[in-house]
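The next part holds the structures, each set out as structure tokens.
Consider the two complexes below, in which chain A is the common component and chain B and chain C are the respective partners.
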Partner chain A sequence: MRNAQLNSTDSKHRRKERIDRGIKARSSDIFALSSWREMLYLAAPRCIPIVGCLMLPLVLGIYWQKVLLSVAVFALLAISWDILEQSGMISLGQALFFGMGAYTAGVFNHYFGWPPFLTIPFASILGGLISTVILLPVLRLRGIYFSMVTLIIPLMLVRIVEATRIFGGTEGLSGITPLPSKWLELYLIVGALLGALFGFRRMMGSDYGLVLKAIRDNDRSVMNAGINVYWFKAQALFIASAIGAFAGAFMTHVYMFVGMPVFALDYSILPIAAAVVGGPGTLAGATLGAFILVPLSEILRGIGGLRIVIYGLFLVVFIVALPEGIFHYIQRKYHQFERWVEV
Partner chain B sequence: MLEVQNLMVFFENALAINDLNIEVDEGEIVGVIGSNSAGKTTLMNALSGLIIDMRIKEKRRGGERITVYGNILFNGQDITETRPDDRVKMGIVLCRERHPIFPESSVLENLKIAGYLKKRPEVLDSIKYVFDLFPALPKLKTRKAGFLSGGEQQMLAIGMALIVRPKLLLLDEPLLGLSPMMQQVVVDAVAHLKKRTGITVVISEQFARPVLPMIDKGYIVENGMLTLSGTGQELMDNPEIKSAYFGI
Partner chain C sequence: MFIGTVLYAVVNSVILALLAIGFNLTFGISGVANFAYGALYIMSAYLSWMLLNLLELPFLLAAVISILITTLCGALMYRFVLLRVRGQALSEVIATFGIGLAILELFRYLGFVGFEYTLPVLIDHSFVIFGAYIDMQRILIVIVGAVLVIFLWLFTHHTSIGLAFRGIAQDERTALSLGINSDRIATLSVSFGAGLAAIAATIIIPLGSISPSEGYDVLIKALAVCIIGGLGSTGGVIVASFVIGFAERFTDSYISSHWTMIVSLAAILIVLTIKPSGLFGKQKELEERI
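Take a look at the complex of A and B:
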């Protein structure tokens, strides 16, 4: 029966066609904007996160302001994970970067009395450098081997702190100087998040970012183009670990304490979950993921024991139903429309 | 044996195959000849059912949407929506392009993996048969497949497809990347295979010169459309084919 229908070549089939919106084509190619609406189309996706992030501290209550701090920190860690992922390094140990930053800031504040405005930038650089040096020998490893090493190192460092009792041992270092005001805390981390998001997105879109992405796709071809792959990987590693170290250093001054929990597995796993739910490869997806997962985890606190089950179910449903990630999906709907056409 | 009716394949908005009709009779060697981007591999994926898997994967990750229209009939049965693994059980086996072998396993292990669904005596029998067909392989049977040369890998890939004793063998660009001498070895093996077993073969290729003499029927495909068809001899004598593919 079906064959009979198909025998003629002009049989009517319908298929859904996906087409870039006109404004998308104009703005990404010839850049001829002709109306306020078109300018808004371009500006809105950039302005909404900026305005949103700057307004949020003003409208949220004290409890949710603390959650926002946590969201921003996890978003930074997720961005750091995403940069590594885009350079072909799947890290399972963002806690290493976070912990290195946290301990560096804590030690310099506790033993030498450096103020937060010195320790935070200093710890970002030094923490990043130490993490990079620790991971330098494993840069030549690919895939799961690199991941395993990054997973193990923070767990090892916890035991080292415990066994040698350096930097306060299991007690940690307390009495760290806090940041001068709550508002400064909020706007420092939100500003850093926005800066990292837009800055590193631009970086990954530049020729430099292209090289990093090419290393992920085919490192031998990149070597063949006369580029030292390991030098570029080391740079990407330093950038990613400096972001993580900044988040750690910041949190040390927020909690006024640094101890073994900074190497906890949470700081390694949650950023990956955020990046996967939001959509890896864009940095914006990682940020969006953190903005969904961290508050969700807070909301579910009221449920008690089943919290982790529901949280896990949410993750599984998202990963199965929308494997491309929320950000990719939204981006596609924003730039393209669909219509039925006859073939 | 195999009938393709009004096949159309879209990759998102790009039309890869446009209204293609092909007929393959039992025991024939049929050539699908076309240059790069003619739609040969897409046709082979549609015939083997791999396109169904590609369609599902692309849809899930929000990539290009693949749409297939038209019918594929195998022995009178509509298999357009039949899954690739079921098609293998029906006897349609594809040997994909660029010699897809398991590089970390030995030659013998590769052949055993390919025959996983068959009974042990049958597999051993088939392996012997493959070694007969390609005399270069037995010497290499303990060698890791990844260390074989391109030609040897191609022989192994065809051998792997033959292990399950297909009724219809689909060869996607089997001569790709081979030297003229090696191309002749593969072509001779296919001709020998047909003579010995009466198997039906669909071979897609851009090198017309070695393929045309051995095929019973050929289809010339350009930009996803059928432009010419005929017996191997007719195509070889065609002046347009001569100028386009032989450069004379």
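Take a look at the complex of A and C:
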């Protein structure tokens, strides 16, 4: 992150200096918290989203509760994207994970009559495994190659479902058992989101996460350390795809339908847009992005297809103008203050 | 039946090669994976259509103007967006993908969908060769494809810009030290890629109609061919497009038309499992494979 910005418009050169706030220095390094203010400083950024997410279903109307469902689903997909991104795999095909989970849950419910509380965990794991196996040959590639293949696979799977007419073909499978109650639905997905957000944030901060991040930064030096890079990448891929598959399986039971739309481009693009807008590399940024973009798209529903145009432009603008994302920006403002100093 | 299938397979392969060659040129030279490629293809087709039907220009003139505009758009895209994120693969992919998405969905939103959106064939005539019907446009596609490949080969081997292209592709820093402006060459490579997409659109669109979803298909086909052939390798692209082209047409004739897409997916996965850098992707084998 840049610490100083040169400003050469005046005759006198100035630069922006960023210094950690005193409260940050006191509360992050020294673990003797001496005031409520310091404790609040540490706890607020963690508690506000938790309390907020748990309260939201109670205060929202029926329509916005549905929106909250899709916010949480897209946030999960964005978290899954972010985990892959932090391990050096840039996926353009989150729809693959989503669709695999959705179809697995749908098939086991429709053909074998499994109840939702069995299909959802089962589909998360099996869907995750299938996606991982499909992408295993690609794991040896990195960078753009991986992205290209992930973009292609879900779009081709749509054609395969269409061609072979398996699992209902173009009609899809309908009449899937819904979850028993609306409140269970809401709190299941919100709980899953919070669990995934904080759990995987912790995971990425642990030694295990450090290995994954190191693979992104310099895979050859990780290999040099005697670590099997492919095995770790496969694990990261499984974790990410299981999250995506969970979201898919959940949505199958909410819509009571599974069909070709689960492989649609929306499920690949919106999570990326959310992660890019929110700020990649923190998981919290991805969640924040989903909480901004999905309601925004609901508000913009009136303009129809123009929504996707706006998404596209959003992506470009954020990548070029604010590549760090909103979350990093807020984080910086929270921890540091800025002032102009003369050079 | 068999000869007809072979003929159409050749045409299909040349179409695939035409679709992929621009993407491959851009990627091979500047390392930019232009995910707006399909959108530029469709955009040039719509431009020709608008010039032809709204301004009532003759077709050839309209085609030339739209090819030039698309080429310019490629250069502008590099200059104003890609230059700022150069070298960061993720940002390049997302930025170009965003641009492509915006262009395609804008056309969809404006209602440019339907069978009336198509371009005329250059010469309306058809032949019977060995008992198989084939129309002039398809023969023209093969001719244009062959001419373009030869032209590109001559261009990259015998002109100073072409040699600079290859210099940047081989080693950007060494090329810089020899006085080749890498940003200028990269701008040219993106705009040439866009121009090739426009040429492909002019010649291929008359076989079908223009639609935004075609843009995604074109991108997928170009990616599939390039991945199988090995990115950045022109020979690989040609071989791969013949492999996929023949495989698709033969499954189409002898199995079922629904299976054509599955053949290319299977081909991608098999090739990547056996040879991760593609059939001919030797140039960057060490870097891209871990």
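Here is the rule we go by: the second predicted complex is superposed on the first by the 303 of 343 C-alpha atoms of A that agree within 3 Å, B and C clash if a C-alpha of one lies under 4 Å from a C-alpha of the other, contacts with A are read in each partner's own complex, and residues count from 1 in each chain.
Note that in this section contacts are C-beta pairs under 8 Å (C-beta built on N, C-alpha and C of every residue); 3 or more make two chains touch, one makes a residue touch a chain.
Because the structure is predicted, anything quoted here is derived from the model rather than measured.
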Message: Once chain A of both complexes is superposed, is A:Leu92 in touch with chain B (first), chain C (second), both, or neither?
response: second
Query: Between chain B (first) and chain C (second), which, if any, makes contact with A:Glu17: first, second, both or neither?
result: first
Task: Applying the touch criterion given at the start, work out whether A:Ala264 contacts chain B, chain C, both or neither, answering first, second, both or neither.
output: neither
Message: One more residue to check, A:Phe314. First (chain B), second (chain C), both or neither?
response: second
Message: Residues of chain A touched by chain B versus by chain C: which partner has the larger set?
response: C
Query: After superposition on the shared chain, which partner residues are touched by A:Tyr145: those of chain B (first), chain C (second), both, or neither?
result: second
Query: Touch check for A:Pro323: first (chain B), second (chain C), both, or neither?
result: both
- request: Figure out whether A:Arg332 sits in contact with chain B (first) or chain C (second), or with both, or with neither.
  value: first
Statement: In chain A, both chain B and chain C touch residues 323
Query: Contact residues on chain B for chain A in the complex?
result: 5-6, 8, 10, 12-13, 19, 60-63, 65, 67, 69-71, 73, 78
Message: Per the contact definition, I'd like the list of chain A residues that touch chain B in the complex.
response: 2-3, 6-7, 9, 11, 13, 15-19, 323-324, 328-329, 332, 343
Field: chain A-touching residues of chain C, taken from the complex the two chains share
entry: 27, 33, 35, 81, 84-85, 89-91, 93-95, 97-103, 105-106, 108-109, 216, 220, 223-224, 226-227, 231, 256, 258-259, 261-262, 264-265, 268-269, 272-273, 276-277, 288-290
- prompt: For chain A, which residues count as touching chain C in their complex?
  reply: 85, 90, 92, 134, 137-138, 140-145, 147-149, 151-153, 155-157, 159-160, 162-164, 219-220, 223, 229-230, 265, 269, 272, 276, 304-306, 308-309, 311-316, 319-320, 323
